[in-house]
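The data blocks that follow each hold one structure.
Each of the next two complexes has chain A plus one more chain, namely chain B in the first and chain C in the second.
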Partner chain A sequence: MVTYIVRRLITAALILLGASFLVYLLTASSGDPLEEFRASSAANKQQLMDARSELLDLDTPAPLRYFKWLGGAAKCLVPFGGSCDLGKNIAGQPITEALGFALVQTLTLVTGATVLAILIGIALGIITALRQYSALDYGVTFMAFLFFSLPIFWVAVLLKEYGAIGFNDFLRNPEIPLPVALVIGAVAGVIVAVAVGGVARRRLVSGGIVFLAASLILIYFSVVQWFRNPGLGPVVIAIAGVGIAFAVTVLVAGLKNKRALQSSLIVVVLGVVAYFAVQPLLNEATALMIVLLGIATIGVGVGTGYLMGGYDRGQSMRAAGITAFLVGGLILMDRFMQAWPSYFNNSRVRGRPIATIGAGTPNIQGDFWVLSLDTFTHLILPTMALILVSLASYTRFTRSSMLEIMNMDYIRTARAKGLSERSVVMGHAFRNALIPIATIVAFDIGALIGGAVITETVFSVRGMGFLFLDGIMHTDPNPVMGVFVCVAVTAMVFNLIADLAYSALDPRVRIKA
Partner chain B sequence: MRFGRISKAVGVAAAAALALSACAGNSGGTTPSSATAGKQGGSATVVEVNAFNTFNPNTADGNTDINSKISYATHSGFYYIDNQLNVVRNEKFGKMEKTSDDPLTVKYTVNEGVKWSDGTPVTAADLLLQWAAFSGYYDDADSEAKTGTQYFSYAGDPTGLKLTDFPELGDDNRTMTIKYTKPFADWETILGGPGIDIAAHVMAKKAGLTDAKALVDYLKEKPKGDAKAPKPADEKLKAMADFWNTGFDTKTLPSDPSLYLSNGPYIVKSVTQDQSLTMVRNKDYNWGPEASLDEITVRYIGSAPAQVQALKNGEADIIAPQASADTIEQLKALESQGVTVEQGNQLSYDHIDLNYSGPLAEKSVREAFMKTVPRKDIVDKIVKKLDPEAKPLDSQLFVPAQAAYEESAKNNGSSAYQDVDIDGAKALLAGKTPEIRIMYNKDNPNRVDAFSLIRESATKAGFKIVDGGLGASDWGKALGDGSYDATIFGWINPGVGVSGVPQIFRTGNGSNFNQFSDPEADKLMDELIVTTDRSKQDELITQIDKKIWDSAYGLPLFQSVGVDAYSDRITGVKFMPNQTGVWWNFWEWAEK
Partner chain C sequence: MSQPTQQEEFLAEHSHPRPPGASFEPEAKGLSQGQIVRKRFLGHSGAIAGLFIFVFIFLLAFTSVGWAGIPGWWKYDHLDVSPLVNDGVPTASLWLPAWGEHPFGQDRIGRDLFAMTMRGAQQSITIMVLIGTIAGLLGTVIGGLSGYFRGWVEAVLMRITDVIIIIPVLLLAAVVAQTVNRRDQGGWFSGFAASNGILILGIFLGLVSWVGLARLMRGEFLTLREREFVDAARISGASNARIIFKHILPNAIGVLIVNVTLTMSAAILLETALSYLGVGVKSPDTSLGLLISQNQEAFSTRPWLFWFPGLFIVLICLSINFIGDGLRDAFDPRQKKFNAKKAKDTKTGGEPEKAPAAAADGSAGD
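Right after this comes the complex of A and B.
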């Protein structure tokens, strides 16, 4: 095992050296760094060209310059040496500093999107695999491929046009005309009717109920101007909480496990009580406090499950813990909604909350909630764009992996010995289907650092992609190399992790040194 | 970089107001007044392409448009340039007088009460520091021999100030007089504006001197640098210059407020790295045009469609994106929601130059070639979709935004090349079929279009056209190397100032790529750069323009189109052709 890792690391180092040399030469010869001065009529043209040549060290041939760069970069290997030197960019900023900033920008942009895309993609993949060749399966496949094949710059521009500009216009006077409410309700109804499956009668009933509920909710929203003053309130939290308790119990323990259901329901009651208790505390919220509260919430849930005991304590603890976490999320969401009017009317926001560019409203001031909402309104569109285009690979991967597993002998065995469908799917099939997904997730995390160049450009975020492009534009290898090193190192590390994880997850795969 | 010409879209009233200030500028007298239609106070968000990175925009590395614009809004000086390309004096800041023509002597007097935002008065020491940095007085570097030291890395052209002796400072510490050894045409815009950027007392502290007075004394004692007799670098001056070169570079707001002192209408309040910069009104400021807005926020958006959408969504109030047919169409669509779109011509223009060697050595062949260049078709194909009113440019030295353009264009001989004259060209060629290699940047679609149209037309007259197009990274290096016979590329008209003229057109000069040489034109140019009277300058340039056309130099094709747009919240934005862009009159911006 250790020899294997060492061997892999040595290979990685060699690949990194070779690739960086290649990238350096390619960047250095990709253009003319003095182009902007060539056709200049300034009397001191030569002086400006000399200054730029000196800045980029153009008098040294590119292959030699690479070794100079490598000498500086090698210092980065000394841990805590503080002498890491990746050169400077054309504006005289050290690359290490620029990278630090760009990395944060990129990670804020893509982390949420990647996590959500993985969660939604895997969920959709499992469901479509279980309902193979149903209308739902075809529908999801169609949508996934549709978004997969759309160019992201176009999706992003459309999202900005309707999701930001259109929605902000709507918020000016958030009234939903009756026909629109009915149409949206009908669409929701049809989707549900298609998704639920089963006999036609069941589909019709479910679709009808959803149609009525959705239309009524929209009409209600319109009447009370909910989009201007949104909120959930304890009643909605309680009702939704009970729903969550049942759903989580079904997935985690099965409804037959009464103790698990009871623990989940108790947690919901505790949640509603907590809703009133924590409001004053939340007014003084900080990010750390929210995290601590979240951990405490899960703790309470798990504790409740433990105290309820029963023949399978673990299931109760899990069900109650997850329920507690989700109900806590609802309370958090409600608090954000309470802060919405003050964000909406903020003099910097001027009633147009959803943003098309950047990572925050300049000079905005407010409490934790207003600032978090500001980040949220800036991230929502790029996140949606990235999710839409990356959903397809996760859905299809999970679906095929799940289908393969469902045809395995041990699934038949599990069914034959009388296990419930829930435990066959959740306990036997689902876990095994995730093994190949581990590989692509690891790859994607490597690619994540590389940034989403186009998304960054459209949403005007100056992250890794921008740094890379800007370097190319100025034929300045330093920023390009900085990005390259970051991306290459993460890609290689995560490749290694993926291989190791594979062997840890799947006992059939063993690493032999 | 953004350039352009006043657009026809600008109202008659605005033009009248500008004409008035233009007159004032030429007479070198009155102080501008701010004619604001909107109310006092409020805020605006302006979009820029590049991110701010230094508080000293004069260095070779920091000299980008955004840094200059921020500096322009936070500093003031003896003059600024309006959108008719006139130099407008700001007499509330101080007086800049030419006290003698021979030798050319200019006296700068800073008014009392003008001060930095830390309360220190702006004095002659600040001017002296600017002079020292801009003139390269102490440099003794020889770039060929690699000896000596270059201290201040100034991005501008030091030629003019190189002609000056060490300035004379007045006893009251508010006047500085510089004497030129030879008259210099652009004396008005070479020093003292549009902003005095760097405070001498800050530089003194950073260089380990006690105060601005010590800095003045120190500079006074230091002898002029001589490239022929380089001396070891002066430690203190080197430290000071290094600080000037890089000490003000930052992407965030420095914790030391002395690094971003203001003496202009605004003062920087906050900087968010690579996202935005906010300026608020400088409360003390009363030495120049008074600003209306309380706060200006600059946000950086690279792509033009994203700028348009930000304007539409209210995140930006003023934008000036790169003009393209799509962008202009999108902006026009916003006019219904109250957005005002202004279009105009920028100072950059495309042109075709013919080499005075090879097959084009003979004037008749050059003339024949010029007769075949379909300038109107080129304008129709490339510029009309952006600006339906576009016309070919008819002067090598003026742009239509300048008053002298019309007169010069009428008489310089450009009228002979208005329309394609294949028969005339054939007659001049008399059966010859010269092979012409045209070099251009083939990664620039406009240049490719221009080349195709020229090839098509010239072939009809019997020319054999060879496609010498090179990639973006190679065409610049090929300029002037003799590997082609004609080339299509772009120049940028300086707008204000004449010292660029000989650089392109004088015999043997650095940017004279086609080896144009006319002794009479050379003489006129030598006279031009020592002529300090502006109307006399125009007269000389008109004569040079004619000489260039008479010798069948080549043809200017068209000017680039610029565009800006602003939301219905804001008034007072006006198109500007040069790189200052809409910022030129930022004090007139107001909230409705």
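Right after this comes the complex of A and C.
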């Protein structure tokens, strides 16, 4: 195992050396960094050209410059040396500094999108695999192909037009006309009717209920101007919490496990009590406090499950823990909604909350909630665009992986033993289907930090992709190299992790040392 | 470019070697493999629809504005400027089917959008075919050689693949774009490149997109060369060339075709993305990505400049994806085996399920 890892790392280092040399030469030869001065008519033209030649060390031939750069970059390998030197960019800023800033921007942009895409994609994949060749399966398959085929910049422009400008206009006067509410309700009803499956009667009933509920909620929202002053309130949290408790228990333990259901319901009651208890505390919130509260919430859930016990203590703990986490999320969402009017009326936002470009409103002032809302409203469009284009591959991937597993002998054995469909799907099939998915997820996380060049361009986020593109446009090798090394190292490390994870998860696969 | 490709999905489906003696359905009786594949492909309605749409777009794009000096039937060129009709609003309508003077409308200076879109579609299709061909050839040769001969050939070729796979495509495209732009420097290459930017771009992108295919083909060759029929051929004295071309390649052709198709659909998005970023096709020539990039600011005033090129990107890409899906189903004998409904019926005492393929017994982790 150790031999294998060492061998992989050495190969990776050699590959990295070769590739970085090529990248440096390509960037250096891709254009003329002095071009903008050659055409200029400024009096100090020669001086400017000399200054830039000095800055970029243009008198040294590119291959030699690479080795100079490599000498500086090699210092980065010394841990805590603090002498990391990746050169400077064309504006004289050290690359290490620029990279640090860009990395934060890119990670805030892509992390949420990737996590959501993975979760939704896997869920859709499992459902379509279980309903193979149903209307739902065909619908999702078609959507997956459509999303595969969408250029992200096109989606981004559409989202800007309808998601931001259109939605902001709507917020100015948030009234939903009756026909629109009915149509949206009907669409929701049809989707549910298709998704539920089963006999026609059951489909019709569930579709009808959803149609009525959705239309009524929309009409209610319109009447009370909910979109201006959104909020959930303890009653909605309690109702939604009970729903969550049942759903989580069905998935994790099955409704037959009374203790698991009881622990989840107790957690919901605790959550509603906590809703009133934590309100004053939340007014003073910081990011650290939210994280700590989140951990405490899960702890309370797991503890409740432990105390309730039952014939399978683990199931109760898991069900209660997940329920606690989700109810905590609802409380958090409610607090964000309470902060919405003050964000909406902020002098910098001026009633147009959904932003089309950038990563934050410049010079915005406010407490934790307003600042977080500002980040969210800037992230929502790029996140949606990224989810749309990456959702499809996870869905298709999970579906095919799941279909393959459902065909295995041990699934038939599990059914033959008389296990419930829930434990066959969740316990036997899903866990094994996760193995190939885990490797793909590891690959994608590796590709994450360099991945969103186009999204960053469209939404003017100054992340890694922007740095890279800017370097190319100015024939400036140092930022290009900085981004390349970061991306390549993460990709290689995560590829290694993916391989190791595969062999750790699937005992049939053994690594050859 | 951040878009994960279908190849990943395909790779995963094939991460387990195909179990020996995978059961064929009854329809396989008495038909050759080619016949089975054709029959299944023709039975895949999505793929057939995709094929029709693609052929239609192909013919429309290449006959309307002409190609390589051959004039087309449409009266405008993508460079022609004509007076604005009705402020450039599209004249085509669906309610009373009409074509009109400028069916897709005009841009701000009066160029005909139909001609520009058709030209862009031509460019996309050309690049797609170039990338598919070059990547398919290179990938097969390199993957096949390293998978069949193993040893130092494999080591060298696969390390080259590893190096190329981590060099960003965007950088290569930028280098090509810069080379194409240096028209003043003479030399036959830049002269050729200046007049045929799209060909150069396609060839270069093809030269870097073979890596995924090479890995896939290597895996396929590695599995196939251990099979009994290859041993039999070797014992009866067949040469390496004969084994490769007569015994292994025909069995690997399915994987190859499917993945070339998927590479092609990714290639269209790649070209449009590069043009959008300004390192692909450059004006005065045009492409679908470039059209969107030039016109996204005008979305509120002239939305049609944005809708039609995007629609064509999506249509081309979608039809290729559906064709790829149909081919995948047609070539994969393991398809259509599990059926949740059938399994449930079986449980409640229906017709006993047909024996599925043996469990895949481990794949080599490397």
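The definition used in the following text is that the second predicted complex is superposed on the first by the 511 of 513 C-alpha atoms of A that agree within 3 Å, B and C clash if a C-alpha of one lies under 4 Å from a C-alpha of the other, contacts with A are read in each partner's own complex, and residues count from 1 in each chain.
Heads up, the rule we're going with is that contacts are C-beta pairs under 8 Å (C-beta built on N, C-alpha and C of every residue); 3 or more make two chains touch, one makes a residue touch a chain.
All values reported here derive from a predicted model rather than from experimental measurement.
Of the two partner chains placed by the overlay, only chain B lies in contact with A:R52; chain C stays clear of it.
In the superposition on chain A, contact of A:M406 is made with chain C only, not with chain B. The partner of chain A that touches more of its residues, comparing chain B with chain C, is C. In the superposed pair of complexes, A:R131 makes contact with chain C only, with no contact to chain B. By the document's definition of touching, of the two partners only chain C reaches A:F145; chain B does not. Of the two partner chains placed by the overlay, chain B and chain C both lie in contact with A:G31.
Legend: residue contacts after superposition of the two complexes on their common chain; A:V157 is shown touching both chain B and chain C.
Of the two partner chains placed by superposition, only chain C is touched by A:V453; chain B is not. Shared interface residues of chain A (contacting chain B in one complex, chain C in the other): 30-31, 157, 161, 457. Those residues of chain C that touch chain A in the shared complex are 1-6, 8-9, 12-13, 15-16, 159, 162-164, 166-168, 170-172, 174-175, 178, 265, 269, 272-273, 276-277, 279, 289, 292-293, 296, 299-300, 306, 310, 313-314, 317-318, 321-322, 325, 334, 337-341, 343, 347, 353, 356-357, 359, 361-366.
Residues 11, 14-16, 18-19, 22-23, 26-27, 29-31, 129-133, 145-146, 148-154, 157, 161, 386, 389-390, 393-394, 396-397, 400-401, 403-404, 406-410, 412, 415, 436, 440, 443-444, 447, 450-455, 457, 468-469, 472-473, 480, 484, 487-488, 491-492, 499, 502-503, 508-512 of chain A are the ones that touch chain C when the two sit in their complex.
Contacts from chain A toward chain B in the complex involve residues 30-32, 34-35, 38-48, 50-52, 55, 90-93, 101, 105, 157, 160-161, 164-165, 168, 350, 352, 354-360, 362-363, 457-460, 462, 466, 475. Residues of chain B touching chain A in their complex: 45, 51, 53-54, 60-62, 64, 143, 153, 155-159, 246, 249, 251, 269-270, 272-276, 278, 297, 299-303, 305-306, 309-310, 312-315, 472-477, 479, 489-492, 494, 499-500, 503-504, 510-511.
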